[in-house]
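Each in structure tokens, the structures are laid out below.
In the two assemblies presented below, subunit A is common to both, partnered first by subunit B and then by subunit C.
Coming up: the complex of A and B.
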């Protein structure tokens, strides 16, 4: 009964915040605020999608940069060279990144030894190689033309805001659904002890593959939306290593393996960056790297778990 | 049509460049295979060593090889400090990957802060010269680097096979618990290996400065290749890494003349995937 009640509250809270965020740009908030919120949506999407594979199964991926950049470039190339309508390039980007993930997963998820390490490494290699190939072929970047032409009846910046908002809530919904589903249970079993999971008959390959594909699909779509939003896709921006690093930092900071953690982490970090922004990018990266080291050592279970255990302790002592 | 000279030429260039890849992978394969630490920060640290060589040449007007006198001891000490840090917080292999990745970002951006993102080229004198054998181009510097790489590998093999230290090292790489039961002091050994790996990184950085124009982010260009080489060679195998480097170098050079050069980075990635499918343990030479 209480579980059902919790569920109803959750859904109501999510839909209420969706409605508020959806209406915000029409209530006359500043253009700066709109673009800030848009970037928050994209970061939340990246963190949540990272958590779907890496948080739930413990297979650490550094491949978000590869998927984000390839999504952005798939959209830009489809738009510029094949003049496909922008809205259609979004699913194309999703298909491209899912294909990349499937190819990588097909090889690495079959491994028996060192599977986690080798998976993490191949994602690093994928990031490095995909960015080099894109730089070699489209190094000077691509300008997206047709974006201006689609949906003439809508105000352009709000379109991307709405798309990012939809994607963000879709990822949260998917992540939550997986967390509560059989797939989620299988993924947690893989994280805790993969051999034991296999022994009780879980098809670990299929489960990991599904999680990886969902995760990279979301990132690819995020890349396409980002590409349409900035309209000038340049390898250095979309293949920035930050797209691999930030989601990890956000998820660990918020709490890996919970569905709420990455959202909290993304909200905290984007706000911090907004405050320290204006500083040099190089200095920011130095601070960021040091922060990641500190979080890894002193706060390995994240803010959400810290708050949760504190709350439980208070409740226990109140009952006594 | 590809000519015979062209094939021989790219075989030679591939071998020489591959020797450099192998040299770059030595530190990584040691720390991964023996210490269970995947140290991403070796890439920007190699670039740091390249900058030390650059400063030695441009500001002090000395031969680039002199820079090793400064960089090897300081890199050895940095390796020891890094290992002390990893020991203190009991960093396992996953956290080592993430933490050293964070360190990667810190070091790379510090380099950018100090030396800016401009492309640097160390003037290298006779190392930049070359000669021809029957219309085949042989660069002197790369040849010397290759020979030094071979010497390091041979020295390493000799240490591993002939000395007690080498025996202890092989024992640790095989099974850490069993080795400590037989009286190997693991934490002292770990400091030693970490220092040694960083020294290899210093040497690789020197050759980076000699052969390529470089920027602070140049280390990341080699991530894919070096990891492919490490895994192909078998974790912890120095000889394996060197031979795997040559295989990759030749494969890349062949891809560059047979296909378009702009896609040649994909060769390393495909090679890595093929190894993982066919023989995940690498080609292990011990």
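Coming up: the complex of A and C.
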């Protein structure tokens, strides 16, 4: 299939998926299914955004919890204390988390000795610091009594479902666009050998900053949508370490470094958690730990690459 | 006219002077060899020129412009592209993708240039192969091809023949000769004196971080300091 046909097929498939998913709540599916799908959209966003930085550049981040929690609280604070229209709190949350990423990147991405494991450590520190700041100021949480909106958008049924769906597909589109672009090639070069990338003229600092900021922007917005949906933002909930660990597991399980892997991983894992653990937190963590080990041993390249290599093997043997 | 001027450059690591007050000039359209025993400072000097190390003192001028202290990507975009002693291709990318990383944007993609380089490297039939699956010698050639995609004014090759078979050495030597015919300016670090004697117009010899000789291969091979420090009784 030529590249153009591949592109057309991909766009048509994504558009059809979006249309079906958009229509589902209006076709009478249960409220539970609407909530379940909303959570899938949020997890896909988190996994895809994690992959944009960590999968494409190799800079492993544990900072998703910091961005998710900060995004949620930025939205809640702007809504509750400043009476800002909820829909405007969403970009505010994005700006806050992008600013956090930019600030951290300005320091860590310039220093050679902060590559690899040390970068991962600095993102853990960011998570600790941001959660402490939030706990010290809003430790008892924020109740978004009435999510204020000056426009009638919030009167639309399933509005948070729609917002989460839009964010999910926007994340997928951005990830796919980066994967096929010059930026993507630069990020893969950085992942494979950062010094060689610099030697060939790639501005590794700018490229990493861009990936980090895009990643954190998407997570911040996800946090804001989550806050508006549950209407009660509590540090222990939105700063849960699961928001860092689950996207990592989802991306690895699906196929880290590919644009489609995190989607597969997020969909599979969210379903597993719901079916097996029924959403129970302790059980979820047991499954998480076991799956992490199992995936590392048996599926190091992820489901997507496993399926792809199987498909290629079948095609090769069909040709012989 | 000198394309590159390295002036009184010194670099120490702790108490060790890896490069000590070295000055070299690389004229345009010349192939300059840089030889010396292991640990004589050749790769350190190249790392300084390419921006990976900042010299403790001294200056580097490229096309008359000061490049001392610039970042490596900046220097590469100014026209100095280097390869590494141990080959460093992007192992998870294909041969074609490796070449394309040298372009500033996809718009700069020139099918003819890519075809010419792949032909020069004899890798036309492997352009969609993952670079990590190539043999070591082919990876060496790919790394040079990637550097050539950038159309550098100065190409620095760091021990391009180390660790590869005589067949690939032959291909590589022919490649460098072809580049010489195209009036490329090349700085080549090598231990293989046959290669140096065949392709270099001039040779600089380092020992213990200092320049001890400079001249044609015939001239330096008769220099007593060079003989005792490095080449012994070598005859090409």
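One rule holds in what follows: the second predicted complex is superposed on the first by the 303 of 320 C-alpha atoms of A that agree within 3 Å, B and C clash if a C-alpha of one lies under 4 Å from a C-alpha of the other, contacts with A are read in each partner's own complex, and residues count from 1 in each chain.
Quick note on the criterion: a contact is a pair of C-beta atoms (placed from the backbone, for glycine too) under 8 Å apart; a residue touches a chain by one contact, two chains touch by 3 or more.
Only a predicted model underlies this, so the values are computations on that prediction, with no experimental measurement involved.
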Clash or fit: subunit B against subunit C, after overlaying the two structures on subunit A?
fit
Mind working out whether A:129 is in touch with subunit B, subunit C, both or neither, as first, second, both or neither?
first
For A:54, decide between first (touching subunit B), second (touching subunit C), both and neither.
neither
Is A:186 touching anything from subunit B or subunit C once the two structures are fitted on A? First, second, both or neither.
second
Contacts for A:245 in the overlay, against subunit B (first) and subunit C (second): which applies, first, second, both or neither?
first
Looking at the overlay, what does A:282 touch: subunit B (first), subunit C (second), both, or neither?
first
Return, as a multiple of 10 degrees, the angle whose vertex is the Cα centre of subunit A and whose sides reach the Cα centres of subunit B and subunit C.
80
Partner chain(s) touched by A:201 [first = subunit B, second = subunit C, both, neither]
second
Determine, under the contact definition given at the top, whether A:116 touches first (subunit B), second (subunit C), both, or neither.
first
Look at the residues of subunit A and decide whether subunit B or subunit C touches more of them.
B
In the overlaid three-chain picture, find the nearest pair of C-alpha atoms across subunit B and subunit C and give that distance in Å.
14
Note which residues of subunit C are touching subunit A in the complex, please.
50, 52, 71-73, 76-77, 81-82, 84, 88-93, 97, 100-106, 146-147, 150
Using the touch definition up top, name the residues of subunit A that touch subunit C in the complex.
181-182, 185-186, 188-189, 191-193, 195-204, 257
Sort out for me which residues of subunit A touch subunit B in the complex.
60, 62, 104, 107-108, 110-114, 116-118, 120-122, 124-126, 128-129, 132-133, 136-137, 241, 245, 248, 252, 280, 282-283, 285-286, 288-290, 292-293, 296-297, 300
Contacts from subunit B onto subunit A in the complex sit at residues 38, 40, 89, 93-95, 97-99, 101-106, 108-110, 112-113, 220-221, 223-224, 227-228, 231, 262-263, 265-266, 268-269, 272-273, 276-277, 280-281
